[in-house]
Amino acid sequence: MSKIMSFTKIALKNLVSKPATTSYPFEPKEYPERTRGHVVLDDDPCILCGMCMRSCPPGAIKVDRAGGTWAINGYDCIQCGYCVEKCPKKCLSIVPGYTEPSSEKTIQTVKVEVPPPPKPAAKPAAPKPAADKAPENKE
Amino acid sequence: MQDLGQDIIKLEKDEFLPEVQKKRNENWRLGQICCAFVDGTTYEVSYSFCKDLEVVHFRLEVGKDEEVLSISRIYDSAVFYENEMHELFGLNVTNMAVDCQDKLYRIKETTPFVKKEEK
Amino acid sequence: MNSIHKSPWLLHYDGSSCNGCDIEVLACTTPVYDVERFGVVNTGNPMHADIFLVTGGINTQNAEVVKQIYNQMPNPKVVLAIGTCACTGGVFKECYNIQGGVDTVIPVDIYVPGCAARPESIIDGVVKAVALFKEKSKDGDFVEVDEVPGDEEAETEETVAAVETEGGEE
Amino acid sequence: MMCKIITVVAFIILAPFIGGLLDGIDRKLSARMQGRKGPSVLQPFYDLKKLFDKQFLSVNKMQLFMVISYLIFMIVTGAMFFAGMDLLMCFFVLSTVVMFLILASSSTHSPFASIGTHREMMQMMSYEPMVLLTAIGFYLATGSFKVEDIIKMDKPAIIMLPGFFLGFVYILTIKFRKSPFDLSASHHAHQEIVRGITVEMVGPEFALTTLAEWYEYVFLLGIVGLFFVNSNPISYVVAVVVAFAAFFLEILIDNTSARVKWQLMFKLTWIISLVCGGVNLLILEYMR
Amino acid sequence: MENLITVLICAPIVMALIMALVSNDKVRGILTYLFGTVIAGLAVTVAVLWFKKGEVLTFDLPQTEIWDHAILVLEYVLMLVIIYLSVKAKKGIISVLAIVQTCLVTGLELFGPKLVIVRDHMKMDWLSVIMILIIGIVGVGIGIYAVGYMRGYHVHHSEVKDRRAFFFSIMFLFYGAMFGLVTSANLIWLYFFWEVTSVCSFLLIGYTQTEEATNNSFKALWMNLLGGLGIALAIAFAFTFIGSVDLYFIVKIASQYGNQYGLLIPIALLGFAALTKSAQFPFSGWLLGAMVAPTPSSALLHSATMVKAGVYLLVRIAIAMNGNTAGQMIYLAGGFTFFMASVLAISQSDGKKVLAYSTISNLGLIVGCAGIGTKETIWAAAFLIIFHAITKSMMFQCVGAIENSTGSRDIEDMQGLALRYPKLAFILMLGIAGMFLAPFGMLISKWAALKAFVDAPSTIMVLFIAFGSATTMFYWTKWFAKILGIGEKNEKDVTEGNEYFSMFAHAIMLLIAVTSLPIISIKVVEPYVKDVFGSAVPAISESNIWTMVILVSAIFVIPLITYGVARSVKHKDVMAYMGGANTGDNKNFVDAMGEAKELKVSNWYLDDWFGEAKLFKPAMWGGIAIILIFLGIVIGGAL
Amino acid sequence: MAKRSIVPFGPQHPVLPEPIHLDLVLEDETVVEALPSIGYIHRGLESLVAKKDFNEMAYVTERICGICSFMHGMGYCSTIEKIMGLEVPERANYLRTIWCEMSRLHSHLLWLGLLADAFGFEALFMECWKIREKILDMFEESTGGRVIFSVNKIGGVLKDMPAEMLADFMKRLDGMQKELKKATKVFMNDYTVKSRLEGIGILSKEDAIACGAVGPMMRASGIEVDMRKTGYAAYKDIDFQVITSDRCDSYGRCEVRIGEIFQSIEIIRQAIAQIPDTELSVMAKGFPKGEAFVRFEQPRGEAFYYSRANGTKNLDRMRVRTPTFANLPSLVKILQGAQYGDVPLLVLTIDPCISCTER
């Protein structure tokens, strides 16, 4: 039983009803809460143990113990969440909102102050900026 | 024939081709061929045959400089697997129906799964 | 080159991606994201394209292909690397057959990260690319890519050196 | 005479705008039929401007020369039609026009262009009989091949030519490059021959081809209208409405069918030409 | 005039004898130029002198008696020649045809009843003059071309025995016979010249003496003898029932009385004879087989001589076929042939074979026009004959020259000819454009024919034309497209000056003919039509013709301008698109094994649809059916 | 007088989103010879086992392909689970089943769309992909990713789908089913569509076995094999019939996949109704040692996973034999004598996934 133009009904219905198209980018997109957008570090609990660096499949995270920095290359991270799972301190989380496209592959670096284990910290840590708010951009 | 568990049946080289032919005659499909290079000395080559929901795996152990006979004259579709093994592992498969001359994937490295020194 | 502003035609090439990013690129053209709203046409023909979307990393075989397609596109043109693989090689960068991101063979203008890159992100990338056309002139920076650029520094030097003289047989 | 010149000038100046707008409407309506928002109706003009601004790359210089000739002769065809000249001659020149397009594409020695070229020829072979028959139909119905005489009849030609009209609308699908007969130069990207006949046309060259296509749109819809135009001024309104309806129908067909292969196209088109055109022709000749 | 015509007919025959004796190549060349010039001059003189008066002329040659007897004797000679040749080739059966018809005609002449109406043996009118000019100019052009061509031919084909003296001799004989044919009013004379052309073509086709050539030449012989039999029967009928062998008289009374008293039978038989000569289905085989001969003979057979004899005769008797069954037979056969041959041409890649099918197809159109037999169709037919003769001759010469230079006449090997051999390509493209493109002559004539068919009215012919034009377009277009592509530059062109002379002369003639179409119409074709029908209208209005002429100029001028524009545009050369697999030039791509592989782009030949294997037999049977059915009706109707 | 043309088809070709290359030898438009070549996507990811530990490999295998990403992750995890003798909790099995079937749904819809695109039916392509977006939304809501999910781990799954979510999904699937009925009718009944599918690319039952065809390709040649019937994950508890077709042509392949779309919805329905409440995963302790083959049914057919572990964190060998790899010989077979216009269509009827084929 062949028909010609059997799609007509659907086509005409589509023609008169509202298109399925989103209004992005004119209106922001709302993401479901589980969306894996990018990894953020809560630098407070981080001990710069480097577990995340070692477990990250593409090697997007660099933990510099000596320099006291934790850095992520958002252009290398595959949002797998393995670092989040592995972090012993549970200080990583993966949240909605993707790394913005840009013409440079910037690395976000967060200064992490780890209280040296033997002695208490010399200086009380000033309130740390959140990773995604004030990243230090480095090539 | 030696059963390694997991339905893997170890075959000696001389009983290999007749067994494969038998499978073909009984209308089994060729499921896959897989090569692994273990202990820096031997290739373990596994041939899987399927029929309906059944599966059996034949296992050949091949020394690194030994040759394996191609089954591509029994199963045409083995050509892809065998060329792949030759290109990636350097396994000597002889008498292939179609020899791609290591041009299946056209990679830069030779036999990346078996490092030069190892071979 | 503001005219491209309203009519960016794109060409998609799948380097060695896992399809994740490809189907997201394709999804951009389908009803829910419908990039044709912005005048984007998925041309499939390098000769007609303004924007080159590459997904996936670069391997031995596709390096030549990517270069060739790039060279076939008329100026002005921009290149978008879509997805983590195209940006850096991603999870596959340690594979024996992966050279790295797209920028190892042709100059990349915009990196769109994500694994897979989301349609929204791709749209953002295209919007940024379109903005770039304002800076690119028609004949000025025609770059013919012949050699695989080595390190970053050498790359810029080489591309400047390779500016083509225009005008065919005149 | 003055009137004719004005019409021709109007055609030459306005046709690209009408054609482009039709193209825009086509894209908008198609998008909506597909459940998308679609581009602005002015999009084709943006595209055209962009194409003219692009760098000109060329595989073979011969191509540009053919493409320009293609455009000019397309304009000539349309102008001849709107000047009220001989319809059959318009069609003959039209096939010369298509020749230029074919030569343009084949001059590149490109595999996809080549297949596109052959499909274009196949399309031409398929629709050509109906095109000729249409002109003959008008002649039989009105006693003249001349457009200026045809529009002076007291009755619209469609009364005598329903079969020819059907056949002509049918081949319009081929001429407009619409699915199911969008074989040689796919307006949709994902085709096996890439862009077929236009694959090697870059920037300005492609723009010229597009422009020629717009002229062709207007010319072909003019012929659709010709079936309805007569000495009654209202008929012009009817003609415009019908032309639009035909255009809408083509869009709908485009969006509700798969692209068939040339074999089926060829067979169907000849059969339909023979049945629609042939039967109508037979009846007209017996009525004489 | 009488003397002039005598010279026109006799001079070539004398020259033929001289040529047969010349074995030196140089001398032969010089003689050919000389004789050719003489013949062309004679033809032009005849035409000019005749035009001064511009009216129908009937006359007898001096010493008609002698001519009559000579022809009688020569007919027997011809018969003996045929018997000898066919027996030698073990095809003796063919000679039966010759014996029957010769005996029939000569028997009637010697022992038959006395003729009631005897008129002059010769007649000259506009049509004869057109034909004389075609033979004299186009035909001689081919002769001049042949000098260079045959030299090259024997260099390439060392296996073929050099019989050039014979070749040129036959060619000149051919001219003479053709001149005689188009001026004879007496059917017996006409029949004689007709037989001479048949034998000449047989000899030319068999020139190379290969097995294929011999077979094909005999095929041509028996088919044409079958046609001769048709004329012989027509003569017999005219002798016994009408009492006259004057062609014009027979036509006249047939057109007046229609199928009463069986007057249509000789017309139908003559028509049948013409069908064989003009290679309509089912008799197309001989013309296709004629391709084995060296190019000049193909050109001669296809354009100026032989096949034109057939359509000439048809146009002569056209008025007697208007609106009757004989006409139906002819126009159906013609229309059918036009369509089928153009369809078959699609599947051919041999350039000469495409030309052959195209000839058959175009002749079909002329035959169709003649079969309808109205003023407009005759107008169209006359123009078709003119344009076809010039264009086809030019194209054959061109393909021959291409074959000599490239070693192949296959269309696929003509890729990018425009860059490789610009001059030859120009000729070829002009020819192709001339064959089917608006606004060239063939198309104008076809247009006129179409209009005439609509008015006739003949639905079936309209449909044949509508569909046949579409297929015609397909095979020409793909050839055209091939020539214009990208190709290697700087190949050696071995074409000689005399070949180019002839080709360019043709090209110029073609352009003159196209641009002066309105003048030819007013001065030549319309008077002829008026003479035959009593009144004349051109099939397409004059304003349209002028528009066409303007378009012709446009089609040269516009591309010239755009070419200039295109050249001055700044551009950058790139490679053609090959999906990213290009190896760096436009000729190779990276293949599945990672190596460079040459790209090949070939035309479509659609063998499954239009191949000879598929369609040739049906076409034959279609032709046979049409002829048998209608001959049956004509003869049955008379009984 | 047919003359041959040689046409390079791909690697960049708009009708094939993925790069493969064919040397096509054509007579007019008839394919007289087709030589495929691959390697444009070959990455060599199986070799990554030497560089990544066996847990990380779960994330690498997911990225073998962005279409049935979930199944790749699951397949790989099952081999390790088998080697280590881990009992995956039932709820995880059910969740895996649901995600598998959702993957199949989105994959088949994607395929239908691309098929429509290959035969030039743009509106139908758009319709299929429009419907498909709804499944992607469900994926994103349940796993956080539209195409790559990262919810598999060795020993179970990482995320749960709460009952309300499942109920909501089911409701949406019911709605989708209606739309799908209308759209798939076009594939099955439309004259122009049928002219492109019927009798095109015949692969007889015998050839299917000889070429080692798998999945819908094989089932459309009348062979009733579906790995889900082996009862991995939760399939053992699900009642379903293997869908086959005896047509052996492209139409049959389309028919089978359309049947499976509705079947998938039905399987999800059953799974949601029966899903038990247990843990989501079991802990894997120590390093695996041993080897295991696992077979399961991806949208494109049967896939093989093989792991060989030596008791360290890096495996000796991991191997995937994906369905497309197995279907390549069938493709070569059906391309012979095809029409050029059907080439993309035939390539599509095996539902190629080159990315997983070349790894």
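Worth pointing out:
Every chain is named by a letter (A, B, C, D, E and F) in the order it is written, and numbering of its residues begins at 1.
Here is the rule we go by: a residue touches a chain if its C-beta (ideal position, glycine included) is under 8 Å from a C-beta of that chain, and two chains touch if they have at least 3 such contacts.
None of these values were measured; they are calculated from a predicted model.
The chains that touch both subunit A and subunit C are D, F.
Greatest centre-to-centre distance from subunit A is found for E, with centres as Cα means. Ranked by how close its C-alpha mean sits to the mean of all protein C-alpha atoms, the top chain is D. Among the remaining chains, the Cα-based centre furthest from that of subunit F is the centre of E.
Mean C-alpha positions place subunit B and subunit D at a centre distance of 59 Å.
Per-chain Cα centroids separate subunit C from subunit D by 36 Å. One simple way to say how far apart two chains are is to compare their mean CA positions; for subunit E and subunit F this gives 65 Å. The distance from the centre of subunit A to the centre of subunit B, with each centre set as the mean of the Cα atoms, comes to 43 Å. For subunit E, the set of residues touching two or more other chains reads 570-575, 577-581, 590, 593-594, 599, 601, 603-604. In subunit A, the positions touching at least two other chains are 4-7, 11, 14, 19-21, 57, 78-80. Subunit D has residues 31, 33-38, 55-58, 61, 111-112, 114, 118, 189-191, 194, 199-200, 202, 255-257 in contact with two or more other chains. Against subunit E, in their complex, subunit D makes its touches with residues 55-62, 64-66, 68-69, 72-73, 76, 80, 85-86, 88-89, 92-93, 95-96, 99, 102-103, 106-114, 117-118, 121-122, 124-126, 128-130, 132-133, 136, 139-140, 145, 194, 199-200, 202, 204, 270, 273-274, 277-278, 281-282, 285, 288. For subunit D in complex with subunit C, the residues that touch the partner chain are 27, 31, 34-40, 43, 46-47, 49-50, 52-58, 61, 189-191, 194-195, 199-203, 206. Listing the residues of subunit E that touch subunit F in their complex gives 347-350, 412, 578-581, 589-594, 597-608, 611.
Those residues of subunit A that touch subunit F in the shared complex are 1-7, 9-11, 14, 20, 31-32, 34-36, 55, 57, 78-82, 85, 94.
Across the complex, subunit F meets subunit C through its residues 11-15, 17-19, 39-45, 47-48, 51, 59-60, 63-67, 69, 110, 113, 125-126, 129-130, 133, 136, 145-148, 353, 355-356, 358.
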